[in-house]
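Naming follows writing order (A, B, C and D), and every chain is counted from residue 1.
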Amino acid sequence: MGRFIIRRVLWLILVLFVVLLITFILMHLVPGGPWDREKALAPKVIEALNKRYGLDLPLWRQFVNYAWGVLHGDLGISYSYSDRTVVSILAHGIPKTATLGILAFVVAQAIGIPFGVAAALKQNSAVDYASVLFSTVFASIPGFVLGILLIVLFAVVLHWLPTSGWGSIQQLIMPVFCLAALPAAQSARITRASTLDVMRQDYVRTARSKGIMESTVRVRHIFRNSLIPVVTVAGPELANLITGSFIIENLFAIPGVGRLFVQGIFARDYTLIMGGVLFYAITIALLNLVVDILYAAIDPRIRYE
Amino acid sequence: MAPLLEVKNIRTYFHTQDGVVKAVDGVSYDVNRGETIALVGESGCGKTVSALSILRLVAEPAGKIISGEILFNGVDLLKLSDAEMHKMRGARISIIFQEPQTSLNPVLTIGRQISEGLEFHKNMSLHDGMLEATRLLKLVGIPHPERRVYEYPHQFSGGMRQRAMIAIAIACQPQLIIADEPTTVVDVTIQAQLLELIRNITKELDTALILITHNLGIVARYAKRVFVMYAGNIVEYGQALDVYHQPCHPYTAGLLASVPRLDEPRKNRLQPIEGQPPDLIAPPAGCAFQARCTYSLPQCSKEKPVLMQITPGHFAACWISQRGTKPWQK
Amino acid sequence: MKRKTFILSILSILVIVSLIFTSACSTSSTSGANSSTAANSTPQVITLNLAGENNTIDPNRASWTSERTIIIQCFDGLLTFNSDLTLAPMVAKEIPTVANKDISADGKTYTIKLKNNVTWSDGTKVTAKDFVFSFKRLFSPDLASEYESFYSDVVGGDAYFSATGKTDAEKQALQDAIGVRAVDDYTLEIKLTDSLPTFTQLLALWPVFPVRQDMVAKYGDKWAQPDANGAMPNYIGNGPFILKEWVQQDHYTLVRNEKYWGTKPKLTQITFKELTDANLALAAYKAGELDQSGVPGGTEQTTMNDATLSPQILRFPTLTTYAFQFNVTKPPFDNKLLRQALACAIDRSAYINQVRHGVGKVALSWIPPGMPGFDATLGTDWSFNPTKAKQLLAQAGYPDGKGLPELKFQIANTGANPTIAAFLQGQLKDNLGINLTVELMESKAYSALYNAKQFTWGFTGWGADYPDPDDWLPQLYMTGAGNNKTGYSNPAFDAISKQALAELDNTKRLQLWAQAQAMVVADQPMIYVFNRETFVLQKPWVKGMVTSGLDGNVAGDTFLRNVYIQK
Amino acid sequence: MAVEINTPVVFERPPHTLWGDAIIRLRRNYFAMGGLAFIILLSLAAICAPLITHYGFADQHLDQILQGPSAQHWMGTDQLGRDTFARLLYGARTSLAVGIFTQFIVIVIGLPIGAIAGYAGGRVDNYIMRFVDVMYAFPDILLIILLRSVLGGSIYMLFLAIGLVAWVNISRLVRGQLMALKSRDFVSAAKAMGGMGPYITWRHLLPNALGPIIISITFNIPRAIFTEAALSYIGIGVKPPTPSWGAMIQDGFNLIFSKPYMLLFPAIALALLMLAFTFLGDGLRDALDPKMRR
């Protein structure tokens, strides 16, 4: 296992390098640079700005300098937020986005898994239909539509919650719910399907034949096995949530990285984009690793060499 | 002395989208203490379902025991509460399933799966349960049980898994073990070992055994009495040797012809039974085997035969043998 | 068992980590919440929406209106604009003119006397040296100020700005050579290479607001950045408010400068939130979290019909003109008659009155109403007239559109742009039977295409940096000028513009600009469509609001110092 | 040796083929059939839109702006006086096309790559999967925005942009399926009969992996439609005057306080379409999943 992790981390470094290189090339291929605006800057101003941010160097030098900086923990300076280092911008945004993402993930699983299990145990009952309907309906509404509907209802009409922003528990409720709706629905569906599948397995019949308590059968034999596919899907889901959603962060005015990253792309803020990609790729890779480890923890058939 | 188990006219039906499948349609048999009986038939004839019915493990809500009685020590299992039934399963009656590949939980250690029943029925601690499991593994012939007890099913070979299944079944020293095709998926040499193991253990523990198999060839060696099932019904039963040597039902004869016989020189080719078992949703009016029977009479397609004693202690549901003829006998 | 504890520990780590994040973040940012000062009087606090994160609030470097919004609360310049867009002295004792000898007769030397009672928020005096430092810093090649080009006429400025590759010593020499000096503590002298009468207006803009040399020396370019907690201890200004807190991506908190040298503002606190979604802003306004908010485009009519909201509407024209601009160097739009035909085919009043519910004003010429140079009679020849449009199209060589190549229109996919593109498409179809291909582009891709002059026909808007034709005509229509994207080139226009830029007699200057604008409008390098009107909602308890055509995204930001709350 | 007398299916009527069986199963699933019916009806309505409404999707009625639902305009009009019902019908074309064509692109790219990796195995598989890893590490939104600005605003380019970021999953799926199937007996049999690599893949492996692929496609179609709606919010959706449900939702989103129906009609339409695809996908999964065959 230890060697497996080391190999994965080494591989991750290579992937990161390639991803950064491709991002770098792509960004410079794409039309429009950081200083292109409708109200054009004077050529001498652009020249001075390029000099200031090291964009006057040949591209390969820029990349080498950047990569060298990354190795030293320096992700450069943002162009669209003057003088702020990308590290400080990310350090500012990631905790918020990650908090939101982790909470949404926990809420999604806390809603989705029990619903899925209940639906499967009572297949074709009212509980089952209700959970299927609930999960499909929430999976069918775009996040921003759900978000504005919630804002109108809870903030404008009922005055129960603040519309937006960051800082209090109340401000977290609506964005967390909006983010959690789709994953909760997905989680419920997957849990239901896998629980139904496990319930049909021979070893469940074996367990029942031993005469042990039904609750033991459900927890020890059904639930644990039905969790395996849920974990597989939960990894990418968590990664997706932690890396942030532009739409939800923008709609609820949350100072997270999801919004920053998309704004950075539109602003051609190269260093911020690279920093965002780095964060994204590392998160995805690490969470995949965590999922693989968890996977092995749940399912003893899986061993990594 | 009353038999240990009496199955009386049991009917187990399955509700499917195509209609009601009469998987077991009025089956009766009995098992005495310490006795081994065999339930023989093709796949899909209802033998597994009838065995599951005893434990009330037929998959609900699709499957349901419609009527009948299952007397175990004189108590009707079908009338027990769920809690009482839990105390029966594993403790008094246990079962060995046919698929050792899928019948063990892949994410629990073998030891845990053995000790589970002990913890519940004998109030053992996990520690004691694991110790007992080690002992049981040793008993069923698994080398290094103290190490193997902490391993997972995927680390066991097919034969070893089935030994583990046997260990689970005997853990609480039940009075009755149902072995549902325990040897189908393992190769021949291991089959014989496993059957010997089961026989020895049941003998040692004085446990009754219902051996479910499609292989009539092995029955004579292990079982005292044989019940042959076809299309949800018992079509013949009697002392194992009688049935083996003098089958009174063309189906039994067909089954015998389809397996190699150890006691006879191999002169004939093995002959599979032609055709398919009947549709259990809408069974034919007369004898269920009529369509596949080479010897059928006009009566066979009209009236359903009932079990009648052909020779003492040997019953068959066949119009032909009930007329005193056995054209399948060479 | 081992395995189980392992899973449990991972789960608990996740929970703990998330708790740490929430608690850490909530403690760091709740401190900015409104707090009422006195129980018996209405708290003089206001919450506004800046609608976006600022790049920088360093006066020398800022270039966006939302940056200006913060800067003008915290700094006072030499001069300022009144609400009628005339100039007024601020730190300067009086407006420099040739008459009062503050401007030399050749218009090249400005000698500005400063008030001697102006103080920074830490109590120290504001002197001419602070302005000299600011000017010199503005021209620093290392700073790369985006508004440097506005001040190119200052002696030595451009030479220093262009010294990007030079050694430090050379740069120092060039910096010393800049024609700005402190004659004494309260006298500032600025030398220009050419006469530029509108330079006085430039003195009222934020890039030359005073900057504290000691703060820049100590903290470098980061002096205008918040610390890790969002506090702004180094951001010392001389304006009526002090920026106490800038929680990035979230909000700004400004408090009254209790040591303000002038009339102290009534508001004790201003909070600027950063709600980028227009719907969210309106929701926050309705929920009472904002005192002012814009309305999403298209909801103006409903707002006006709403009994509660209609008294809360605040609307006023801003100095912005929107136009469909052609690339006149490429066929088919090098054909003036075609451009005129298209101009006549667009029912601008339908756009204003129907699509925009009467918000905005039809524009037929470039310089917007409300500032010098506006001419209401200009461009009426090219107002909506389908018959004339068809005639002109025929004269252009395309009777009934026959033989016309595919017309392409590029537009950035932002805000209400898709709607206006669809409107244009519909107008050409209905009035001339011409099919228009709209190319909706990602905004940077559009800007790049546009700056490279590769577009064919596009949509543009121009807002006033300062209220003078200087800011409106030469930059866009002189041959080869920086923002001349149409490729328009007219030697007569160029000659008149040069003359007007240097003309010291204001009346004559404006006459020259009027001639110049008439030339441009006749050539229709752009189809002028409409002038912007700010349309916001404001709570009834916000009093004393004075609006200006120069206001940015926040209505009334120029004169927030006059605002008070009365409930 | 004992001769197994094994009829494969225990409680089934006479055996069907996998597909025949799946179709029967699907037919019995009323939710799935309802979903399918909705999709077919919507497709027909979208194709026959000119027969259903006489309004064009781009016809502007500047004198009838933002009107509520009426006999004349069943779902009201938008900010340029265009008939919402007509735009909804024509917009279905865009939204369905986004869903279907992106999946087409996904298949064209993802299937061969996954098939090659899964079939070839070894070093080839390793290289391909490392490339897939790299693709996976890219934020989709970055690629979509950059592709949108490189490729321009046309709707085909939108398909391409969404398709180009979505193929990774299908290639992983195909690879996994092939890896699992490869070890099965019938492949060895086919190999023994001298079949060539690509031939085996095409003839024996892909048809067997088809079930999961089809299921994945039915789930990805609504996801692509969703993505289009999200891109409209970000401001890189389809260009005017082409209506799409995403763009209409975005238009309506801004008017939620004043003209809620502008949001509700397209949002409900989108939700129904998503539901339809979800039910169909669920039904297909139940019908095709061999594990369900008991």
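Here is the rule we use: a contact is a pair of C-beta atoms (placed from the backbone, for glycine too) under 8 Å apart; a residue touches a chain by one contact, two chains touch by 3 or more.
Keep in mind that what you see is a predicted model, and the values were worked out from it rather than measured.
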Leaving out chain C, the still-touching groups: one piece
Chain pair with the most C-beta contacts: A-C
Identity of the most central chain, Cα criterion: A
Euclidean distance of C-alpha centroids - chain A vs chain D, Å: 22
Length of the line joining the C-alpha centres of chain A and chain C, rounded to whole Å: 36
Computed distance of Cα centres, chain C from chain B, in Å: 88
Whole-Å gap between the CA centroids of chain B and chain D: 49
Residue list for chain D, restricted to those that touch at least two other chains: 145, 149-150, 253, 256-257
Of all residues in chain B, the ones touching two or more other chains: none
Residues of chain C engaged with two or more neighbouring chains: 279, 283, 286, 442-445
Residues of chain C defined as touching chain A within the complex: 3, 6-7, 10, 14-15, 17-18, 21-22, 24-26, 29-30, 33, 53, 55-56, 58, 61, 141-146, 148-149, 158, 161-162, 164-165, 221-222, 224-225, 247-251, 273-277, 279-280, 283-284, 286-289, 412, 442-451, 460-462, 482-483, 485
In the complex, chain A residues that touch chain B: 200-203, 205-214, 216, 220-221, 224-225, 298-301
Residues of chain D defined as touching chain A within the complex: 130, 133-134, 136-139, 141-143, 145-146, 149-150, 222, 226, 229-230, 233-234, 246, 249, 253, 256-257, 263, 267, 270-272, 274-275, 278-279, 282, 285, 291, 294
Footprint of chain D on chain A - complex, ascending: 11, 15-16, 18-19, 22-23, 26-27, 29-32, 136-137, 139-145, 148-149, 152, 189, 193, 197, 200, 243, 246-247, 261-262, 265-266, 273, 276-277, 280-281, 284-285
Touching residues on chain C, where the partner in the complex is chain D: 278-279, 282-283, 286, 296-299, 301-303, 347, 350, 354-355, 413-414, 418-419, 421-423, 425-426, 429-430, 438-445
